[in-house]
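Each structure below appears as structure tokens.
First chain A sits with chain B, and in the next complex the same chain sits with chain C.
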Partner chain A sequence: MKDLLIASGQDGREKALSRFLAKLLEVGAVDGLVVPVEAAAGVITHVLAKDPRLVERAGRPLAPVMPSSAATVVSEIVRKRPSGRVAALLRPCEARALVELIKLKQATPENVVAISMDCAGTYDPVLYREAGGNVDGLEAREACRVCLNPAPLEDALPGMVLGLIGLDDCEDVVVSVHERLDPAVAAVVEELGLASGEDAGRRRKASVQALVQERQRAYDRFIEDARRKAVSAGSGPTVRDVSGVSDRFGLEAFARELAACTGCHNCRVACPVCYCKECVFDTDTFEYEAGQFLRKAGRKGALKMPSETVLYHLTRMNHMSLSCVGCGQCEQACPAHLPLFRLFAMASRRTQEVFGYVPGMSLDDKLPFSTFREQELEPR
Partner chain B sequence: MRTGVFVCWCGLNIGGVVDVPRVVEEISHYPGVARAVDYRYMCSDPGQQLIKDVIREERLDSVVIAACSPGMHEATFQSVAASAGVNPYRCEIANIREQCSWPHQNEPGEATRKAIELIQAAIEKVRGDEALSALSIPVTRRALIIGAGIAGMQAALDIAEAGHEVVLVERLPHIGGHMAQLSETFPTLDCSQCILTPKTSEVGRHPRIKLLTNSEVESISGYVGNFTVRIRRKATYVNWDLCTGCGLCTEKCPSRASSTFERGLVKEPAISIAFPQAVPHKPVISAEACGHFTKGKCGVCEKVCPVGAIDYQQQDALFEEKVGAIVVATGYDLHPKAKVGEYGYGVYPDVIDGLEFERLNSASGPTQGQIRRPSDGKVPKEVVFIQCVGSRDQENGYPYCSKICCMYTAKHARLYKHKVSDGQPYVFYMDIRAGGKGYEEFVQHATEEEGVLYLRGRVARVFQDGDALVVFGVDTLSGKKVEIRADMVVLATAIVPASGAKELARVLKTATDQYGFFSEAHPKLRPVESLTRGIYIAGCAQAPKDIPDTVTQAGSAAAKVLALFSAERLSHSPAVAAVDEELCSGCGVCVEACAYDARTLDTRRRVAVVNDVLCEGCGACAVACPNGATRQKNASRSQVFSMIDAVVG
Partner chain C sequence: MGSGEEFEPRIVAFLCNWCTYTGADLAGVSRMQYPPNVRPIRVMCSGSVDPMYILKALLDGADGVLVGGCHPGDCHYVSGNYKARRRLAVLGAILDEFGIGRDRVWFRFISASEGALFANTVRDMTAALKALGPNPARALWLA
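And now, the complex of A and B:
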């Protein structure tokens, strides 16, 4: 890793960054660029940009909202008959989700130039839009407030990292270039003749560390609170997690938390790691005959409709909790405002701990589902 | 949908707990059931006849048998169904014995309820069963045998004699295995080489045995009847096609290497043939010891070889063989020296293991068969034999019994007495295990006629004191501590799987136990079959055993191979996995989940593909697949969900 510095000009770091990104397109170092733009006042969306002028003019690389996960966007672009090289601006959680998607063969690393960047947090896109892009008085999303990875994991994807944290005063950006950065892109960076960013890099590192510590405290409080909620909702069997702490969070309590679910499956659409071409819950597997519905209703006295919403969330948890990067897209997409981030955070914290698995950390880590270690489910 | 349900009493096994008449009564009202009947023993001839009769009378299209585990009689009932015109894959078993009457013996009411639910679930499953037909796969009638000890040789000869080609792969440059190292064999004390050499030479010259020594199996692909094996023939640096085995190179070689065959008791020339009767009778250069390879100087063997067979440039050769069956006969090693510290094994030269004693006692061994101890060549007058070193030792070794040590220790003690008539052998033992024809008599003879002193107890320590080895032990029969000043100590060290056994099992995609012995498919009823179809096991690769047992098992493995080769094609269960390409996202999770390499990813179309004949229908892929793109034939998601409903609803 080499630290360089993009000094912000008179028009600020976002413009400087947009110019930097536009340059990549301009000289043809990449064939396309995934970047957020402001489509209307307060409306941020990803685009696959080809025109560098558009990036320079409308690019909002630092817009503090995540309309959808860039991981999903990148996967959509390079999944089918991949060709060319697409650069993508990725928040840490988006970069981690992309690593998971690559493991699941839903993206090809050789077609992606990852430009990961620091992220101090994002706001709910609807609130942001209503506020016309003015963030005063807005609170960052819960997932962001307790996010333990405000800085990208440097070695996860070959590319570069844009460092922002701790550099707000000077508005500079540290560019850390990965050794395995695409040579064409590396040449562009070289050509720009950027100054050394070592000093700024050190400052950034210290700030990131302090921020992570602060976040850790927030996360601990969040988990404590989540546990309390679980206990007060509680009934059903005692669940003992790997740390030996037991919570009471049975199926009935879980069902109560999800009672307002309308079965729209938006959470699945928004989830960056949910990758199935067609979800099993959209197939005819759960299209019951009338008699089956009546039998099921008869068993419990009444059947929640739309049916199988709890099974749906459990299945999603079963399939995705190991790869869950905690981005909170599921909750952001939920029209019923279900506490999906909290539920997934609790479940994935445990499943990931059981397998010692950190999603998005490295392309070399195998998915726990695809490997078997003799001792993996022994009590520890 | 016309389903017949047949409920078996299994004598009192089921009928003594489950209220069978009530089960029949309830099930006969279940939707889709044309008739439900019971019988005392459904697997008996009259029971089978009953099934056929009802199938015809009721014009059934599917059958549910409520009886014992499908592992026992699924095949029986499938063929009964087929013989009466019902597709055999529309015959389901509800296991109401192992999964119901046996575990619920004290709660007959609940057991009856559960039996009904299990049968209902089976009815739901059979409702969704497709009428499948068995897959057919060709058989390559050629066998691979891994390991050319007595087990591998015996299996090779049996198969070759029956008319099929055999590829016999041996890691060492010569065949014969450990049996070639033995001096005499119990309980008859006949010379090991004398009974072995007829076999080694027969193997060496057999027209249908392709012998590949100094070779190892690198990888295997394929499946029963159709394996492709990659074999690495390690460089010998001697062109064996030219070599006449004259031995001039060995005579003139100035470099020395420790002899593996002689268990390190002597050094041998860096180019040598392990022993006089070796097959093939061709030398190998040890590159670690050879002056040409280590110092880049010597070239004596090349100069003296009259036929120009020395080839320092020789490389490992890789080649492929196609075979239909594999016999694993990789044999054993002895517990490594480093692990028996308290007996000074590996530290004191006169503390040796059983195989070293065999070499000392062997006419072709380093002492020409005279019992002389390694340190100074003195004839030992007091020899202590210690049994169960590493065996039956939970803490420092292995819990299992190595099975042959009681017998070979008695043999060693007796052979020692034959050669050193004024010597005194002592044997420390835990108990004597001499179950075998003539075995007990053999041990009796040692204790009663030949003056071998047996001491029941463990040895705590062995240490060197001047010229002697002091053995501290306890005689638990007299309750006294024993101290013997011995000239030599022989340890009956535990038998462990040959090195690399676990790695080979991985290559073969079959299983070993926790120690590395190959697992048999059933400990009693399928002792020579591995857990992978088409792969068989013989000899100590499976567990410690003596020569007669090894030969028996090798013959049995050969018989299994011959049975496999008796038909031109094999049938394979059609209840395999299939992929709905419309749904498949090409994530490859199923490929990783498959233990049989039956799945691949078509990267161009981005879908998973199943190789039907490799698929064992275990369902791991269907479970791993997140959206049901992978479907297990006759165990579809909707079938499974209906089964669950039948049980919980």
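And now, the complex of A and C:
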């Protein structure tokens, strides 16, 4: 890695960054750029930019919201190998999700220039919009407050890292250029004649370390709290009392957490790693006949409708928790404000532990479900 | 289940066509006695058992789910049983985390020649589930 400095200049570091990104387009180092822009006050969306002037004018590389995961956006563009080079500005969780999507064969790494950046956390996009882009009084999303990866993993997607942590708002931005960055892009960066950022790079590294430690403590408290909530959930209304069946048990508490689910599947759509072209929950598999519904309702005394919502969430945990990067997009997308981030964080912590798998860490680590060992996981 | 009657657990069993299902068949043709609590579903491979099927059975009130596959190295499709072992480990971790009852899900390697092992497994599982009691999900309208 080679550390350089983007001078923040008079109009601030975000403008300076936008100009830097626009330059990559302008000189043809990349053919397209995925970057957030501001469409109206407080309204942020990703675009695939071709025109450098648009990036300079409306680019919001530091917008503190994640309307959707850039990993989803990039995957949509480069599902098949693109003919040109596409650069993408990625938050750490977006970069990690993209690594998972590449491993799941939902994106091609060739011709993608990853520009990962430090992330100070994001706000709920709706609240941010309602506040007209003014973040005073807004609280960062829970997923961001306990995020263990505020800085990108440098080797996961070799490209550039934009360092911000530990450098105050009006300061310059450190650009760390990876040895394996596409030579054409590296040449352009070289030509910009940026000053050395070694000193600022060192300061940033120390701040990142301190921040990660602080986050680790926040995360540990969060998990402890989440598990306490899960086990201490008290008894609720059970329609039918079966003798010998305690009304205090795990499934009931779990189901009550999800009881407000409307079955809209927004969490799945927003999830950057949930990738099936057609989800089994969108097929007619669960379209029962009236008699089947009635029999099941008869057995249980009543049936929560829409039905199979608990099955849906548990299935998604089984299918996707190994690749869960903890971005919290599921919860952000939920109209019922279910605590999906908390539940998925609990599940993925456990399942990733089984294989010592860290999603997004490396393109070389095999997905746990795609491989196996002769001897493992015994006794079953 | 009326009062006074002994609780008879219902076990849904996903059995691999090449090994465990044939093993269960052998138990039958050999006239081995084992509890009638098991409802077998023949699948082509234990690796084809999506955790969703197991969860569906559990949430609908099955007291236990048995997945039977070939012994390591014997899978008709080379590695389906190893993949199943990984999926089941993930399912178990999730059920454990939320206290939903990992102990109701058994995964066993039973070959086509092990009719007695199949019969014993069903016997053991039935006894274990009787000790565990009925699956509370059966009467839970929330799930």
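What we mean here is this: the second predicted complex is superposed on the first by the 353 of 380 C-alpha atoms of A that agree within 3 Å, B and C clash if a C-alpha of one lies under 4 Å from a C-alpha of the other, contacts with A are read in each partner's own complex, and residues count from 1 in each chain.
In this section, a residue touches a chain if its C-beta (ideal position, glycine included) is under 8 Å from a C-beta of that chain, and two chains touch if they have at least 3 such contacts.
The structure displayed is predicted, hence computed values, not measured ones.
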**OP:** With both structures superposed, pick whichever of chain B and chain C touches the larger number of chain A residues.
**Re:** C
Original post:
Between chain B (first) and chain C (second), which, if any, makes contact with A:280: first, second, both or neither?
Top reply: both
**OP:** Quick one: classify A:353 as touching chain B (first), chain C (second), both or neither.
**Re:** second
**OP:** Pick one for A:311: touches chain B only (first), chain C only (second), both, or neither.
**Re:** second
**OP:** Check whether A:293 is in contact with chain B, with chain C, with both or with neither, and answer first, second, both or neither.
**Re:** neither
Original post:
A:369 contacts which: chain B (first), chain C (second), both, neither?
Top reply: both
**OP:** Starting from the residues of chain A touching chain B, keep only those that also touch chain C in the other complex, and list them.
**Re:** 280, 296, 299, 319, 369
**OP:** Give every residue of chain C touching chain A within the complex, in rising order.
**Re:** 3, 50-52, 55-56, 59-61, 72-73, 79, 82-83, 85-91, 93-94, 96-101, 106-108, 133-134, 136-143
**OP:** Note which residues of chain A are touching chain C in the complex, please.
**Re:** 227, 230-231, 236, 238-240, 242-246, 249-256, 259, 280, 296-297, 299-304, 310-311, 314-315, 317-319, 321-322, 346-347, 349-351, 353-355, 368-369, 372-377, 380
Original post:
Once bound in the complex, which stretches of chain A touch chain B?
Top reply: 79-80, 104-106, 275-280, 283, 285, 292, 295-296, 299, 319, 366-367, 369-371
Original post:
Touching chain A in the complex: which residues of chain B?
Top reply: 582-589, 592-593, 601, 606, 624, 626-629, 637-638, 641, 645, 648-649
